[in-house]
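Down below are the structures I want you to see.
Look at the two complexes coming up: chain A is in both, with chain B in one and chain C in the other.
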Partner chain A sequence: MFDIRSFYEAKSVEDAVRALSEDENALLISGGTDVLIRLREGKDAGASLVSIHNISELKEIREDENGTLIIGAGASFSDITNNPIVKKNINVLGEAADTVGGPQIRNMGTIGGNICNGATSADTASTLWSFNATVVLCGKDGAREIPVTEFYVGPGRTVRKHDEVCTAFKIEKKEYEGFYGHYIKYGKRSAMEIATLGCVVRVKLSADKKKIEDIRLAFGVAGPTPVRCRKAEEAVKGMDISDASIYEKLSETALTEVNPRSSWRASKEFRLQLISELSKRALREAILKSGVLESEVAEIRYKNESDNESKANAELFSRDVYAAEGVYFNDGSAAFPGGENNA
Partner chain B sequence: MLKIIHMTVNGKETELAVDERESLLDTLRNRLGLTSVKKGCEVGECGACTVLVNGEAIDSCIYLSMWADGKSVMTVEGLKGPDGELSPIQRAFIEEAAVQCGFCTPGLIMTAVEIVGTGKKYSREELKKLIAGHLCRCTGYENILNAMERIVEETYKVCGEKA
Partner chain C sequence: MKVVGKELTRVDAYGKVTGEARYTADLEPKGILHARVLHSEIANGVVKSFDLTEALKVPGVTKIVTCFDVPDCQFPTAGHPWSVEKAHQDICDRKILNRRVRFYGDDIAAVVAEDEVAAARAVRLIKVEYEEYEPIVTVEKALAEGATPLHEDLRKDNIIVKSHMTMGGADFSFEKAYDEAVEKYGEENVNVIERTYNTPRISHCHLELPVSWAYVDQNGKITITCSTQIPHIVKLCTAMALGVPAGRIRIVKPYIGGGFGNKQDVLYEPLNAFLSMQVGGRPVRLEISREETISCTRTRHAIEGRCRALFTRDGRLLARKLEAYANNGAYASHGHAICANCGTVFKDLYADELGCEVDCATVYTSSPTAGAMRAYGIPQSIWFTECLADDICQITGKDPCDFRLESCMKEGFVDPGTKIPFLTYGLKKCIEEGRKQIKWDEKRAAYKNQKGHIRRGVGMAIFCYKTGVHPISLETASCRMVLNQDGSMQLIMGATEIGQGADTVFTQMAAETTGISFDKIYVVSTQDTDVTPFDTGAYASRQTYVSGKACKKCGELFRERILEYAEYMLVNEIPDISKTIYAEIVKEAKEKLKAKLGLSEDKDISRSMLDIENDCIVINKDAVDHGAVNNDTTNTSGHDEAFGFEERKLFELSVLADTSFYSLDRSQHITAEVTNHCKENTFASGCCFADIEVDMPLGKVTVKEVINVHDSGILINPKLAEAQVHGGMSMSLGFGLSEELLIDEKTGKPYNNNLLDYKIPTAADTPDLKVSFIQLDDPSGPYGNKALGEPPAIPVAPAIRNAILNATGVAMNEAPMTAERLVKAFKDAELI
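Entry: the complex of A and B
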């Protein structure tokens, strides 16, 4: 039995908005994979739940006449991964959604919940930032639209008001057309894990597939909110994909735009290492996905020429172990300060 | 407060009164006696409580019974043949010795039902990802994966992509 005072299954979005505005302590619940776990832990005990679980209009994924993709906030992670419109146009979002939790969680959890929790570690968040997605919120006075990049106020906090329901995310055609993307989630294990760091790179190559015409780089857990690295994007625009300096340019500029912290999951230093390394790897993968032969894309170089990939991997691993043991913690707090907001 | 809900449980129309605060796990075990559904971590991490809702595998410990109103729920009890015989999936688990203490087994079987239902062929690596929502403390997963491979292979032979 969950420790809740009342439960209300909303019939529609408007009905949910009304129910929320009547009870300032009510919590909105959709997939339940975060709200019910908090309740099980005794947090939010005695809350009233307003459920939007069964509102089918929230689960829709469609393309409008202008090519704008509309992803219902109630679409589950597996709905997104398996959706033909997503696969065709914005496959990287499906790939990012496919790294959340495990299969059962992905059948339950929703993209709306992933974003509205306000966690920097949310796997779909960095990708939505890279798409310049718009968040659609529905409240008492109708709908309003906010760029996802302005949606987050801080860890676990968003601009969504108590009586607003997030109904959808919109991605414009110019933000996805011609792009290929790659998402890398770094965690201590490959499933049932919260990202230590998430990195997405999307590239659009020139018509001859030799130059980077446009690029997007975004991270999760590289700061209190997801972050998009516009300077790093600018730094490599127009560069040749056979030029190995694209990797250093991208990663070194990105390091000037991020602000990771130490948490019980990993130290700041380790996260900086991940930001540098994963941005390079994601860039290479994104270029390869654009239909370029492996021989035409520059290899990632490491400063010490004897360094090869396996050595880099070994270093990442050992640093990770140190981080897990708290060796790198420069704020002295190796303990578990608690909560995913510290992710 | 008790509320009346209607679910199709293992193919049978069921009307029952549930508490609004109740998880589907508790409803299935305590009100319907379907004790194949195991209570493990209760936070959606171990997969022992996995059941199918409208054909999708979910963790019933973090699924409110109220949400199942009007839906179809399947547990291991629903796999039983007309004369009580085991399903091919269950037989594959026995033949591959994929069961030790048995606590994770019903959940894994239900995930297997979902996987097999796609009719697709999966590599061992893909299967590893597909069973990642289950914890097994006994087997080391090898025999579970053997059973999964076996049943996926058998189904594919019979049904191909059509299943």
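Entry: the complex of A and C
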């Protein structure tokens, strides 16, 4: 049972805009996978909901005459993953969408909600950033288009106004043609996760498939909003894919562009390690997906080559602990101040 | 055995798979009221006042009660049998709602309303004024000088109990052992290591939340239907909490969706009853949320183990010492029992040449209350023993498997304190079996001197576990059997089905002992304390053993009573029987029996010649053997055929049952009821072997292969046993790698009391779980069985830890070994 004052099923986008503008406390709901959780927690309790769940035009995924891809904001994650246009042109977005929550969430949750939530951890956000996608918003005065990179204002905040409905995302042909991408969601477990870090790399190789002609690198949870690392991209452009230094160049430059924070979920240091490691791995995978042989792509180099015995060998048989500290035993009263001994 | 040992389908399988099995919430009446609890938003302090004005205005609110309104009765909550000895009684340290706030989330008020939304709204609108004290979330802070006592009336120093135990004589000390060792082996040949190991605060994560509904009837009887493991204990504790006689309380326990020890505590049942009493006895439902369940019910204890080990250069274990500090949170719940259990197994598991010393302390802190959880302190104990064992091997170079085979507890072990014996000893066989199955020796050799950022390792851990709680506490169980007109029966156990398969194994036991077939035994799954015989409930891996003994004893009595009636039917020239529809059948049976046994006309038929098999009264095999010997001393071939079931069959049990019910000569409703006071115990044991891969730059551990080998005696139902082990292994996997309830040390507020942020392993994180058993017939078990319920949850975590040590040379001392902790450790070791 949810604490809802009213529930209005909008007939069209315009109808939804009207309903929102008439009630400043109304909330938009589509898949409900975030809104209902907030309601359950008592946040937004008593809200009036305006549903755009059944507006079929919002679920469309299509390609226009210029090759621009238009993804309806109401498309669910599983719609996106399984869509042939997505698979053919921007498969990495489908892969990213497929890492969200579990199957039930992916069938209900929408890409529009994922972005409009304003969360840096949204799995589709970093990928849309890498595509320079445009967000289409419909309000009282008609539609406006905003680059997704300018859509976020801060954690949980976007430029969407209360009475605006996000209707679609647009990706131009030049942003995807010839690119191959790889998204890595790093979570604490293998499913039902929120990203500790999300990393997407998309590459376009030269005609001979030897060099990185163009590249995109973006992260989720590497800062208060998703972030794209343009300097890191520039640093490896034109480099040879057989050159192992591409990985360090990309990751080390990326580290100068990100700003993850420490929280109880993960420390900044740990997130920086992930940023460094995942950017390397995502780059290599993206290159491999471009149709080159594994042997033609440089291996990622790891500094330390010491083996698993070295640590053991360092701790030689010795009496160090005991000898160094002498008699270190706590007596009963010191170990258990003030207590009775109930042996 | 015919039925015991068979992989029969669970008796509740169809109901549970189709969703027709009814749980607490499925049974509530229409028009029920809904309650919700207001929890404190400070961790330490006192409620000064409430402002209920706004909350009472919410439409639909029926009643609001606060900590100022509840009975002035302090009560215990532990699912222990009540003790009639004052010194062994559980600590009465809470009221139904508490003015003295002891952790973030303490229960301070409750709302009853027409629906859940109104109740939730009103709870949000209650204003509370507190007097705040500094939260003391950690053991260190709770023991610090000047720390506020959380229970001023009971413990001024926040120490619930501390205890001291030894092996190697009462006056054994580690310090003296060192001097002795130096003298015996020479200073250069002995070593001491000192390590501190830590275990996490863990949530049980049973699927069904603690839910109950209560009403008071016209006669003042208070009935609570609830999701509990321990209906009879809930009855007594609720009576204490309300200050009413126990007879006024009735607990009904239907199917429950898991408990794992959290429901081995009295949770919100007393509050639920109190709320119904406050609204004129109307039914009130109280279901708490997952968030409340995680932080406001019970957790597994976080225990810090400061360990020392003394050993020789060639890896002989001489002595160990443990100082364990258990963070018990705000209320005593099971008190010191869990940390003491942890200490007991620490000293028992290895045969230290000189001895072992254990100090345990259980401490109140202003954090979520720790109570019982599957394996009751032993996952912590085994984390300590098994980390320590491999850390010793790391220094001596001894193979960890060999070390354990040489140093683990020996065959014939008897705990010097409790006198609990290890009656059937399968520990070493388990180790050898696991070693073979995982290909230990090949892998230890193959994984030497690895380089690179991804490495493989293999590790192991052993454990022991007692069966039930005798003699530390009372072990008693009851069973009732009731015959139906068709020769089938009801089986009524005080022991509870909590998802583990108890109903099924008791049905198998009853079938084994009575001769009534498995599918003609209707087990009454619901316990209703007004009619169900007494049993303390599901915990301590006790029911198959302790309640199983009651089932067997009852089955024997029931069988005797049936045979006594059968004898009566066959012996007596019952005027009545000759008139019944069964007259011919009984007559023929009598002739067949006399002929088969070669009985002369004047020889009486006696009960000892009879038996029950496949729902029929048959000629006892032993009697046939004697008969056969009398008739023909030379020819024994074809004996089995000649005296098979059909040859010995007299008449169907339904004939007897129908007669016994309705005989005008001797009507008797055949039933049996027994209580069995169990005064035995025996150790179960086992081990885990894990083969893992570590991706060091990401701190990612992938379990490639994992196997548990259990020494739990004879399995009643091997398929169910295997499933039991799977569930336990999954829990230990979470303990090792991902599960941990985190609390903000400054405020006492839980960070991750929800299932997104509290990481139980998903199916995608769970490897193929392999299970093996060493089945030895334990003489103390009713059917050769011993503990299995909890042991599977013990050894996986330390086996993985030791596999990581093997792979990387890095010893992780704190569980869970999260990616972040691993990355930090690998960086410190300069591996990445």
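By definition in this document, the second predicted complex is superposed on the first by the 304 of 343 C-alpha atoms of A that agree within 3 Å, B and C clash if a C-alpha of one lies under 4 Å from a C-alpha of the other, contacts with A are read in each partner's own complex, and residues count from 1 in each chain.
Assume a residue touches a chain if its C-beta (ideal position, glycine included) is under 8 Å from a C-beta of that chain, and two chains touch if they have at least 3 such contacts.
Quick caveat, the model's predicted, so the values are computed rather than measured.
In the overlay built on the shared chain, the residue A:A45 is in contact with chain C alone; chain B does not reach it.
In the superposition on chain A, A:I194 makes contact with chain C only, not with chain B.
Touch criterion met: A:Y302 reaches chain C, while chain B stays clear of it. Set against each other, chain B and chain C differ in how many residues of chain A they touch, and the higher count belongs to C. By the touch criterion defined above, A:A119 reaches neither chain B nor chain C. In the overlay built on the shared chain, the residue A:H53 is in contact with chain B alone; chain C does not reach it.
Judged by the touch definition given at the top, the superposed model places A:D3 against both chain B and chain C. In the superposition on chain A, A:S267 contacts chain C only, with no contact to chain B. In the superposed model, A:V148 makes contact with neither chain B nor chain C. By the touch criterion stated above, A:I241 is placed in contact with neither chain B nor chain C.
Judged by the document's definition of touching, chain A residues 1-3, 190-192 lie at the interface with chain B and also at the interface with chain C. Every residue of chain B that touches chain A in the complex is listed here, in rising order: 19-23, 26, 42-45, 47, 50, 56-59, 62-64, 66-67, 111, 114, 129-134. On chain C, the positions that touch chain A within their shared complex are 115-117, 120-121, 124, 143, 145, 156-157, 159, 161-165, 173-175, 178, 187-188, 190-194, 313, 323, 336, 359, 361, 394-396, 447-453, 455, 457, 697-699, 738, 742, 744, 751-752, 756-757, 759, 761-765, 806-810, 818-820, 823-824, 827, 829-832.
The touching residues of chain A, counted against chain B in their complex, run 1-4, 6-7, 9, 32-33, 36-37, 40-41, 51, 53-54, 78, 101-105, 107-108, 190-192. Considering their complex, residues 1-3, 42, 45-46, 186, 188-192, 194, 264-267, 269-270, 273-274, 277-278, 302-312, 315-319, 321-322, 327-330, 332, 335-343 of chain A touch chain C.
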